[in-house]
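Two complexes are shown next, each including chain A; its partner changes from chain B in the first to chain C in the second.
Moving on to the complex of A and B:
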């Protein structure tokens, strides 16, 4: 494949670049214009909901990809950032009257700050101990939030609805989630291009050699962990407001964190378009399964079985496998 | 003072069972380098076997290890063959094996939840509600028998590791996998047996927890985090470390339990985990990582 590009090089590249640019342009216009359907025709409420739910998951998967894909450190506890974002927005809104639409970048920064502190503790070791600490983190956070009466404890906290006509109430959430998803994908794209991203890839290949080569591995890992919390925190802030109700049971079960991981691995971790593809397929499949079997134990089984199948047969995910076989459409090759 | 000794007794007797639970986990990690996140899920599955053996056949939960241990041993061999055998020596695939065990845990949890629903269950043999009285102290019979049984099983495990050829091979593989292979140890076979033994230990632990605690399918996450924290404290892969970690953390959590209530006793384990990571990431008896 490398020889092919060497021979047919520049022309192919520009072709691919142009088709990619057109494709991205169409997607941007389509996503921006989609709510107009609701405004002019109505009846698209369900699809708006699905779309903004999808954007949120794209943001989450792309963010998780920074630590789990680029750096190769699998975190099963990223829903803690989701909860930190959600709850900090809820506190700011319920007690200080700051709308989550204004506060959400701050909530992202708060969860990023927590990420830095947690990362400084848990990333001192390599390999399996980190994974263990992420599970413990979820359980610890759940116990703490369950018993923190200021924010309602295990009963949760209710937020007032957004004061808008009901047919338009989803629009601000739609655009905000779209912006968060775009920001998250762009962050992943930039990290990949920075020297920092190169360092992370070195860490995922061989951490000892990376350290010998002069990469400040611990700082890089911690920064990657914190950065991956940024947009997840923002998504959490708006998601809590969108649901108008937050409880630890919504944010802090192992299954929530498992789904973050599954989406990214399904699409292909370590790639830019992988988390997006993974989120789209996973959300569609999840919607189908929930409609078929209900959101109960079978949902857990389906998540587990899907994860097993992907890990056993496509450990590089859809995008990764296609790319290795040279069959990835140019419009999805964003690396 | 009396109260403190009483709490110590409770903590130590629970610690023995925790040591049994953690032994399989640390043994598997030592030989295969895999953190088995499904360990506690298999324990809960075994607890269900004990539960139904008790309800259906009237089999005593402690005696039901004759059922759970062989069954889980065979399950372990099958799981090893299906999921681990081909990936264990490929470093790239090995890094995702921990996610494989995570997925297995989800499947087990969901399947048990689907068939038996997420209600609290426990076997209730008469000794679970009885206690020995010794002067001002009491010793719950259930915990005492469970710890005695755990000590027996752990003793047998130790003797097996110390005196048999298989045990010798297991220790060699734990020490250095490649070198063991070079001197003629069939590392693949050893790994398979170790996974089986680890699962059998999970099976025995399941029988114990079936009457010590009330359990439901989703409860295993709490247990696996507790077990992992004491394994990390002791040093991953070290059996003696797991024993020390189990006894010390279980005593501390018993004190936390009596001072702040049962909600906060699991927090002891999680906070201990973060404290260990800060102070001594390789654990008490763990090998210091290279570099």
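Moving on to the complex of A and C:
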């Protein structure tokens, strides 16, 4: 809570809560009703695609925020959870006939389980060593999947299209991704309020102090790492099915992992609304630059320049900086 | 009867050399102890060894008849020993209320924590006024009140402070030691490591002088302060260990 909030009276707080509730109500109605445009009028397929892609990235950024924002451990390897979710769903579908729409919660749990095991190993390190260990994790996972013939190796694995009329095929993905994004944001919101969240924030500020305050830092970090893989795994499960094709190259490049981090930092890590704002700006900007510069890689350069400019003026991310300066609109102050 | 007994402790960091080289110390309940000694004597390491942040290579540390060996810092805290590292242990980017909650972090009953925080607010109204303000934005004196409030939330049996006056103006340092005495008056045992021997010993009941990882001598603070061996030790004219 900012200093300004501290001196705000109860009436101001009530107004802020009311405006937040109204804003949230409008967002919920709008996102739920949006696909009706496609159903009744058609021609919104591209926008449905963009919306579900955005929801997926909101889920990813909000999840990453648990370990990278609250606990302060920068992981460049969270795309491994994305791949674990995707490939778990693909195996369950291709070999056991379980639809990803049924299996995606299980795929999230599988990612979380792997997160716990990986976390126990990588979180023995701190700072730059931890970051490097997460990059090594991506490279290791890619080598493993590239050479695992059961799931197609480096050639990847194809999945059948969802058996629906083509104009409606995106709708189930849209609502599923929306649910995953909502779940991920709600998890972040809850963690922020739990005693566990207070412990993570203490770890991010000073791990030794946190330890002497009575926090089992090792267990908390590992749990945060695992929890941050839950919804990313679910998103990966549905994204692979949506693409109808999975290969290690789709999930396991350094650029994919870096994107997760950049979105969150852009919006403001450690805040609730920051990852959402970051994902919206990042995806919109990237899409705009892709449209402008086509298949050249200039869009990456342009997105990078935009990020630099934003972070120059908003060093703690957009939400984080506005909050620090007491200029964050009440509708975005969910912390 | 002492309630904290450190006996022949040998300890060091990682695979490095021994910092504590057979240190023994008895701490009695409700008294305040000032640990002094030249740089590298092992003062801070002693506190870290007690609270489980340094591996003990030999010797024993018992608290109220039970060993502390092999316990993590959070487990030592659960037994009532609170360690305040250098730089006053506040979380600068947390609010005053959150810092107070951190003080009672190991308590399971959240309502009890909030009740204790309300008691702290009654004792220090300025903290209530600034409950939603980040700790880093408060003055040195206010941060000290917050630190004291944090210790009161936990109601520990022993508070160990590592150089609490480091980098502070004399007036603020005095406030710290006044706060420390308030804790002692509440029945809490105090162990403070202090570079400013005159100030530290001036406030504590008992002085313990360390050198080369051992207790060199100890006694009532006034006698320690006036002991000619203090001057010798600080001026570097004698660097041997075993005399007590």
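Here is the rule we go by: the second predicted complex is superposed on the first by the 307 of 335 C-alpha atoms of A that agree within 3 Å, B and C clash if a C-alpha of one lies under 4 Å from a C-alpha of the other, contacts with A are read in each partner's own complex, and residues count from 1 in each chain.
By our rule, a residue touches a chain if its C-beta (ideal position, glycine included) is under 8 Å from a C-beta of that chain, and two chains touch if they have at least 3 such contacts.
All values reported here derive from a predicted model rather than from experimental measurement.
By the touch criterion defined above, A:327 reaches neither chain B nor chain C.
Touch criterion met: A:215 reaches chain C, while chain B stays clear of it. Of the two partner chains placed by the overlay, only chain B lies in contact with A:265; chain C stays clear of it. Shared-chain residue A:201: touches chain C; no touch with chain B.
Taking chain B and chain C in turn and counting the residues of chain A each one touches, the greater count comes from B. Touched by chain B in one complex and by chain C in the other are residues 208, 211-212 of chain A.
By the touch criterion given at the top, residues 29, 33-35, 37, 83, 92-93, 95-96, 98-100, 102-111, 113-114, 118, 217, 221-222, 224-225, 228-229, 232, 236, 263-264, 266-267, 269-271, 273-274, 277-278, 281-282, 289-291 of chain B touch chain A in their complex. In the complex of the two chains, the chain A residues touching chain B come out as 72, 74, 76, 121-122, 124-126, 128-129, 131-133, 135-137, 139-140, 143, 146-147, 208, 211-212, 254-255, 258, 261, 265, 296-305, 307-308, 311-312, 315.
Chain C makes touch with chain A in their complex at residues 51, 53, 72-74, 77-78, 82-85, 89, 91-95, 98, 101-103, 105-106, 110, 130-134, 137. Those residues of chain A lying in contact with chain C across their complex are 1-3, 5-6, 195, 198-199, 201-202, 205-206, 208-209, 211-216.
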